[in-house]
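Structures given as structure tokens follow.
Each of the next two complexes has chain A plus one more chain, namely chain B in the first and chain C in the second.
After this line comes the complex of A and B, so read on.
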């Protein structure tokens, strides 16, 4: 999978036609074969743009800041990234006319060890769900499977699981990198930063971290698209996907097989109210 | 420093029988902020309230906790006591130690006492964070909407309109009149149903304060008490009512014949029809499902013969809007379909009919000109068996409740049968005879004595055919024997059920309904006319099975409620509603999708102080907000606060235990 040429062509075309102010893509890292997000305003830098199976980050995150929100942006998205972008569009965080979306039919990206990443192995939607221009051949939606780690955890005893999570939360340093790296954590003022949120205080204790991470994952329940930007950003290398994948599997089972961001104007499982919702549990 | 007063109620033995009230008071006194804690037999009584008022003044209290029954019972009472003592009424907090403790933990008195103390600790902690709130005043639109044009809707509309309040009456079918128009004579006085109903129907049509919209349905209701906006879909009638004179030529000439639902499908009507001769408005409509012109584009005979040119095949459904302040729901009832009674041969034997079919037959204006006949051969029946409780009081096949009117109308049917066919005999199989009502027991006696109807106590187990007769086998429990009756005609007293559209309508209007589909009243005894949604009232069988006198009484009660609501120009509204801190709002608009009252809209605010760039945030319409708190729960950035239930208050409560 190497779409660098196509992306460079599209970027030059967009700048030439004055359709965009910014272009967000990937650039080769200077010290190893990994890539970093790359935001350009000058067409002279276009040759540096690349896209291979090392283009791991979710670039939709770069639409969050105020200065990009109000500019016309050209953006490279993979299948999962496009689902996040879809939710950002639905939740009025991005204006559709402000973003030119280059959707990639993704063949899966690699993890640090050079293997196909877990979320790519389990990917349900490799094709972009929203785009202006598509690169590659779409392969369609795939069957949903419960995450392998979640299945393994479910076989363990409750105490064992509790100890395992305790050890995870102990290592959280509350740097909030997970939040900043998530394209769907765009709140003007995060609940974890508010004075009234006394329950989340207690900074670097494991219970403080538990409250913070649990709250955070519940705010992403039914919205998380499994791009794993948070895990890539975490300096403590916490397996944050466990929280999200657990929520996802419960929601898939109980909310009519709901998967986040797959459809236009779908707000996620918890944010809908419909007359046809079952209400037989209400007294 | 907070100074809290705690008042613990015995509620007679209701609370004190289980909870150790003096111990609870001692426990409350240990809380640092509590300046005074008193027990009293009935805090809601006048001396009890006086005690609160005195304590507020003497101890300079900053908030009050009443530990008593549910806030649904007496929150208003105690709020008033606070404001009488010069205190903001919203500084009151109620600890519900009756429903939440003494009633539910009767077997464990110690635990109940501990729980009561915990509930008081929580209430004290919350009350310290309570803020002064002030009632909101909203304007009122003085127009009522009545849904359903049966006797309930007619009576409610007339009573409201007589108080010079404009009414919009919406009826689903082409004419008002409802079920009562189908009846022949009514119990217990045997006066002719149509003779007493049609003058009221005409009054509705000619009343200057009533706007009658027939052949239409309510499709949307938005807003809140005093300020609702309703959308009404006028179904295409294909007849221009403004020019139609109701001459009836079109109905005569129409070649299409379809079953007549007004006569319970016993005879046929045309595809262009008025439901019955006394219909109001007396203008025909075209049944689009059967009209050949509308289906195949051929025919149009009615249009050719119409002198006024009133027929317009291009007419389409029209949606109209009205601003209203209150709603009366009067959707009436349906009858239970007796198909599950296979052992009776329902569906196989033509001579088994339902009570309403019999009613149409004995009606002078009915399909058989007032003479009951056997559907199989058209002969006049001599032996008629009436079977009561078909579907009602039947958990296995039908519904559990008693449909209330069947005992009475079956007695009436026996009398009517005797009047129309004097040499006939009526056999009535019954479970109980329920005749509670003015003149009702006497009426049943009259059926038993005057017409010599044979009342047989017991259920029918089987009906089978023998020649052209139906053999009805049942039990006579009074003699303890199986009896068989040879019948020419069998009439099933089928149960009254809620119209099948009721749940959909209830959801559309935002009122609750029970498992049978009947609309739920706010309180079964003390608020039988109101729904839980302010400004929406119930009349007639939409709430539960009722006879005509009860229905009319309830309809008039609705009118009194509507008039009371519209007595002033503005209404006071509870201030416990949501507010949005738009600094924190990220504009995701999820609160808008979860709000069941459409109370949240968007607004544009500057990006920063003095900035020319704008951003979109959410905004609460305080008139519409009911304070349910859905938006508060859904808001991730905690930008929404519900007055009276702030995060600080709730966290205080949690921390207190």
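After this line comes the complex of A and C, so read on.
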């Protein structure tokens, strides 16, 4: 999977036609084969743009006004990233006319060890769901499977699970990199940053970390697209996907096989009501 | 510089470590989720004093914890009463194994700010009651640049005892401070030869090989001189363009020392906490009334880069950045402060 040439051509065309102010893609790191997000405003930088199976970041994150200031953006998205983008569009965070979307039919990206990333192995939608231009050959939607770590965790005793999660919260340093790297955490003032609030603990204790991470994951329930940007950002290497995948599997099972961001104008599991919703929990 | 050196081998070193763990409250790098963090250990098998630098968190939290209780308070109709917390600021002696030398230097740098206008007694106590045993890296990490900065890595006295894996297969335990010498004499019960001029040569040889393994090299005095005049540089905007404004770099930095104060209150009693804060965070400079002098990320990055490489040096005569590369390794988008300052200074 190397689409660097195509992306460079599209970017040059967009700048030449004055359709964009920013282009957001990937750049090769000079010291190893990893890549970094790359924001350009100057067409002279275009030759540095790359796209390979090392392009791991979810660039939809850069549509937040902090980064691209609500200007016109050319953006490279993979399948999962496009689902996040779809949600950002639905939730009125970006204007559709302000993004030129280059959708990649993704073959899966590699993790740090050079193996195919777990979320790519379990990917349900490798093709872009929203795009202006598509690169690659679409392979279509795949079957949803419950995450392997969640299945394994479910077999363990409750105390063992509690201890495991306690160790996650203990190792959290509350840097909030997970939140800042999530394209769907766009609130101008996050509830976890309310310093005068006594509900959300500002102190860096493990109970504070638990509160913060649980609240964060519940705010993303039914919205998380499993791009794992948070997990890649975590300096303590915490398995944050467990929180999201658990929510996702419960929602998939109970909310008519709902998966976030797959369709245009789909506002998420908790916003929909249907007469055919199961009501067997009502006595 | 103290030259008290003891020669030993791998098993001798293991024995030394085991004796320390048996006798003292010992902290060492413990692996969890693929990252090493300094935790209290009771057995040598639990930890790895030779943990790779790229995978190891800083030792800072043992001196400046990620969160600490400041006071307790209670409100009733007569007003608010304030009391001391039950937190123990460390009274006994403790030993830390496997500290990286850049990290130890970080503590020396932090000392400056903690004994400046206000003396932080908790921090001072922790410093006084801790003995630092450092293992010198055999090879530089991909983001390391400690040898390029304003301190002498080879003759650093930031740690009390230094362990060097000699090229001749021997392991050298070198006491660097008086405290370290006393500690080795008292606690190294095994039979070992006291090192000579030759062991000093071996330590030097090891250093030369280590120094040659650096990918990143910087001309520090040039960078420092140029940055002093570059407050208005537009380059800060370019270098910070992909920064996501999280707090990672500051929280894991061995020398970042900003903190915030928060209260946790249930009904009418509560605790006031002091926790890490970061200048890369958009709320950091937000004032009551709503004004924020650093509302955009390039201004925050300018503050970070100049504080690390200019302001602290001006005030305390030491560079705030110690070149450990932790920030670049942990940064979600791999921004390296080395690249930032070099790019801004155009070197």
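One rule holds for everything that comes next: the second predicted complex is superposed on the first by the 265 of 283 C-alpha atoms of A that agree within 3 Å, B and C clash if a C-alpha of one lies under 4 Å from a C-alpha of the other, contacts with A are read in each partner's own complex, and residues count from 1 in each chain.
The working rule: a contact is a pair of C-beta atoms (placed from the backbone, for glycine too) under 8 Å apart; a residue touches a chain by one contact, two chains touch by 3 or more.
Just so it is clear, the structure is predicted and the values come from calculations on it, not from any experiment.
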Touching partner for A:93 - first (chain B), second (chain C), both, neither: first
Partner touching more residues of chain A, whether chain B or chain C: C
First (chain B), second (chain C), both or neither touched by A:66: both
Touched partner set for A:181, first chain B, second chain C, both or neither: second
Set intersection of chain A contacts, chain C complex versus chain B complex: 66, 196, 198
In the complex with chain A, residue positions of chain C that touch it: 32-35, 37, 57, 66-67, 142, 215, 241-242, 244-248, 250-252, 260, 262-266, 270-271, 273, 275-276, 278, 281-283, 296-297, 330, 332-335
Touch list for chain A against partner chain B, complex: 66, 70, 91-93, 186-191, 194, 196-199, 219, 267, 270-273, 275
In the complex, chain A residues that touch chain C: 29, 31-32, 34, 36-39, 57, 61-62, 66-67, 167-168, 171, 173-177, 179-181, 193, 195-196, 198, 201-205, 208, 229, 232-233, 235-239
Residue ranges of chain B touching chain A (in the complex, touch as defined): 507-508, 583-590, 593-596, 607, 613, 616, 630, 634, 636-639, 647-648, 651
